[in-house]
């Protein structure tokens, strides 16, 4: 168990090299096997994880460039643990669902490489290492969209790449500056996050650094108005790309908010609380409206992702354990749900080679199983209690209520508007009479699709009914982080707000 | 007094000569003016006490370089007037003058701001050629050798470039032209 | 009294003359002439600084520059001959192959 | 006793999962039998629990923790007390009857197995709603019944109107649920828990305005679920679902959840009589408003739906005025007679090949006498004629209104009672008596299966006699709920009862007489008031024009104009600027040496200028 984190990060990379030798026919089997092993490794990590320990565990530290404090530093805590498991799980599921024939070997290799970078992002405790993984993750996704996409794939791929890349360029400056600040404060260089956590920064510095990091994360999330790359990327990406993009890659942004922005710049985070919350609310409402107007199924889900990410951001900036824990849980649940939804759209796209809603109608008659699974996942997307979607949404909104009730009300309209676009989509695609001749011969789900979808549906229900083990583990780390924020805050206002939102009772 | 007269005379002459080089439309005039200018420049070197440099200037430029140009000119058969269509005259002059001013400014800036310590001070009583020899064969020995190799390489390159082509038959030249 | 400033002014005038040549000349041979002017202008500057500061490095540099000018002429003329044989002209406007 | 609780709660879910296995298969009677048996089992357990509760038991179980984060801890906790057990018994009883009834009604439907899955799932959700011991548990059931309602309204999904109505119901409920969620959030941040007992115990020490806000927000949720104005339109449209569903969900159980919420949180609401007053006023308004729409409607089910709305208004009046036990009592009796009415309507539809227009029926008494009798019983109960169940519960509500000196509320209810009498017997007369219009239209009605009629019998009996349990019921539930003290003198009480009964009976007789004589002339249909009522006060149209369409237009605008034209355009613009500048600067690379030299000099000049004039701020 000592080097399990390195194992988890680099196992897919090692597998990638073997992947070049594997024959074309067995490429998918190879990919699934590797992803399965990787998933089991992450489960082993969970089993070995000490649930009562809020700090970083399984820490591995090897100095790389010691005079500048750059090191190979991995660790996992309650916040990142489940995101790692989500990454490995969604990779596994997306590989199972894979049915692209073209260049399958290269695709599998690309996906495994992507898995390495995603896991690396969540496990890195060194900022330089984090940045490397963060940027590396763009490359496989660029290939997936650009090489296996449809329509304007090159445009979409380049847009995706440049957009996110430009966003993170400023972050690099921020990282270097923060490293320099650390050097000034302590006399030694360090880029390790636990070291940085101890660094108390003056308010003005925090503001600038928050801004620099914010842009990178906001593009990744994606926050309004930096979201336009997402519909294109999803629109052109193959199913597997969309699944990984929506389920895991978007979470990198919100994870980074929780991991960096809040504990490193507590005062700036509180200072920018309302602007960020307003953006989040715009995301929720605006994206829901745009989703409602879409004609393409996949775009509906793409915009719904933006809407849900808005609630995650809101929960994050609730600054209390309820909200942040809820936001992290919502990341997991949105990963599962959006992954499942994209997979479901992929199912119908494989059969009809179109995603336009108007091309369908009455599918419930011909594909009842498909409709049932779609229905369950849709209900989770809408946030019905006892599905996985409810827990996170409820906690996020609950948490933010303490900050501002009116904004919560506005963001809460998301649950109405979410129901509107999802139900209308469901009605138009599945209900009504089966009119189109092309649809009459459609086959219901086959074995491959079932194996990929059943675990997701099972998780939707199981985690909806019994989220407690996950919530507890997250919660303990989140509480520790909030205590840290409170300690580090330099302004009395910040401390006051943190105290207020983290306590129950009293009048408004 | 003599120095002042000599300086101004040389200056006016050199500027005049180079003016002809730059503005003349006849290659022959230009080349002759260039040769003249080169010799006159050596006058500055003598004025400045750089005897060795003056000698080298005359030998190398007027002797070797100008001879090469003369041969080249004969080769190109460009004794006739050259028609050049020159655009953007204003830009050219502005740019030139600006750059010249800036260069001078830069050159002067360190001199007037801080005193420069002489690395290889001239020693009174020792001749200029002697001093140069001393420095060239001690401190600058390697650059000197490298310069020698460079000259050798340039010589070989010049020979190779021109010679091979001369051996070509006129028809080959025609073909080569056609290819372009 | 002739000071360093005089020399440097002269250098500047010659240098700008050289640049004018470089900029306005279209005939390659003339262009070479202009570059010679540039080099010589700088040489004077070096020699002058060398004299007024009693440092021989300037002269040494001038010396090397003369060496470089010589090799440049040798190689440059060789190439020029080559080009002339190819295209029949040494006009600058005929050299457009590097168009981006 | 805990095992009874678990049996009562989980028997339906077992049934639902069992028939879920068959949903994709052909019709299978086993699903119906198994689910019916399990629902009956649940009913029996509930009944057992009721007797146990009667003997003084209050069950409180905690299944497991559900959500815990920060200071929050929400368990799956269930509670059986005097109030919830009444609901349990009512729900399981009606649902058992409906389930058995549906075996006949859904006999030839291809979604047979699916139907029973949904019904059992609904019962489970409803039981979670009533048995939960905390607000979030209630919210689970709340959303769960909403989901089942959505699925069952849109049960015949091939019909566009059905799936539309399902969506409308779900979304409208969601709007109200947002209010309720806000209420829940406020509760949490004030009390630090969602547990009923803790909250009610501490509510008294809270700031009244906070409690009032909580009350109002919770009531918004209740308005959605109980289809109170302005959320009422979904209930009429929900009649697109199969009739047993209308009987179970949209009459007897789910729509009363809002009333149940107010009763459940009576300890909160009794602290804030002003909010209670608002509730009562709105209830009185809806009682008349909905009844007025029922007066002219020709759709058999919609008439009953509006009648349900109106009766829900009555319940809210009682709940708002603090007469919680009366509200609960009316809720229970209403569940019996309204489901009976709906199921009778189902029989008629079955007989008339799903025809709903009551003007196309008439004289059906001869063909289906048993249905006619049952529906007449239900109508009498609905109108509140002695000795039927409605008399006891409804008159108590009027009394309570009078008692609190809310005379305008009383008057509204009084008028509402008259309207109820009119539309009920208009329906009875048009359907069962008069000309046999159906014969001209070529229908061949027939009485339904005997077992279906037998299954309705318990409801018929209860509609008749339930009223006589008034006193024991009061004693039973007021152990938990606060008592309601009548300050009226006995004589006033008697006078009131007499007045209302006389009025109602008068209206009934007049209606019967009028329709016996051939009914109203066609001319009445051109009256503005008639048209207004017929179009449901143009409210659905208003929603369509003012909300649905603008929302769609706005959404299209947001996508096509804002997203594509502004945001994406400006992003692409940035890219284009770079691209264009690259294209333009390519021209510099003309390949001409003089040009290059010129640029070189420009660069040199710029750099030199920088070197000279730029002074770094160090």
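In order of appearance the chains are A, B, C and D, and numbering begins at 1 in each one.
What we mean here is this: a residue touches a chain if its C-beta (ideal position, glycine included) is under 8 Å from a C-beta of that chain, and two chains touch if they have at least 3 such contacts.
If you're wondering where the values come from, they're calculated on a predicted model, not measured in any experiment.
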Per-chain Cα mean versus the mean over all protein Cα atoms: which chain has them closest together? A
So how far apart, in whole Å, are chain A and chain C when each is placed at the average of its C-alpha atoms? 63
Distance between chain centroids, defined by C-alpha means - chain B, chain D (Å): 100
Centroid of chain B to centroid of chain C, CA atoms only: how many Å? 5
So the centre of each chain is just the mean of its C-alpha atoms; given that, what is the distance between chain A and chain D in Å? 36
Where chain C touches two or more other chains, by residue: 19, 23, 25-26
What positions in chain B touch 2 or more of the other chains? 92, 95-96, 99, 103
Junction residues of chain D - those touching two or more other chains: 598, 601
Contacting chain pairs - touch in the sense defined above: A-D, B-C, B-D, C-D
Mind listing the chain A positions that touch chain D in their complex? 159, 162-163, 225, 227-229, 231, 286, 289-290, 292-294, 320-322, 325-326, 329, 362, 364-365, 368-369, 372, 379, 384-386, 390-391, 394-395, 397-399, 401-402, 405, 408-409, 412-413, 415-416, 419-420, 423-424, 427, 430-433, 465-468, 471-472, 474-475, 478-479, 502, 504-508
Tell me, which parts of chain B touch chain D in their complex? 88, 91-92, 95-96, 98-99, 102-103, 105-106, 109
Applying the document's contact rule, which stretches of chain D touch chain B when the two form their complex? 598, 601-602, 604-605, 608-609, 611-612
What residues of chain C sit close enough to touch chain B in their complex? 1-2, 4-21, 23-27, 29-30, 32-34, 36-37, 40, 43-45, 47-51, 53-57, 59-60, 62-64, 66-75, 77-82, 84-88, 90-91
Within their complex, chain C touches chain D through residues 19, 22-23, 25-26, 92-93, 95-100
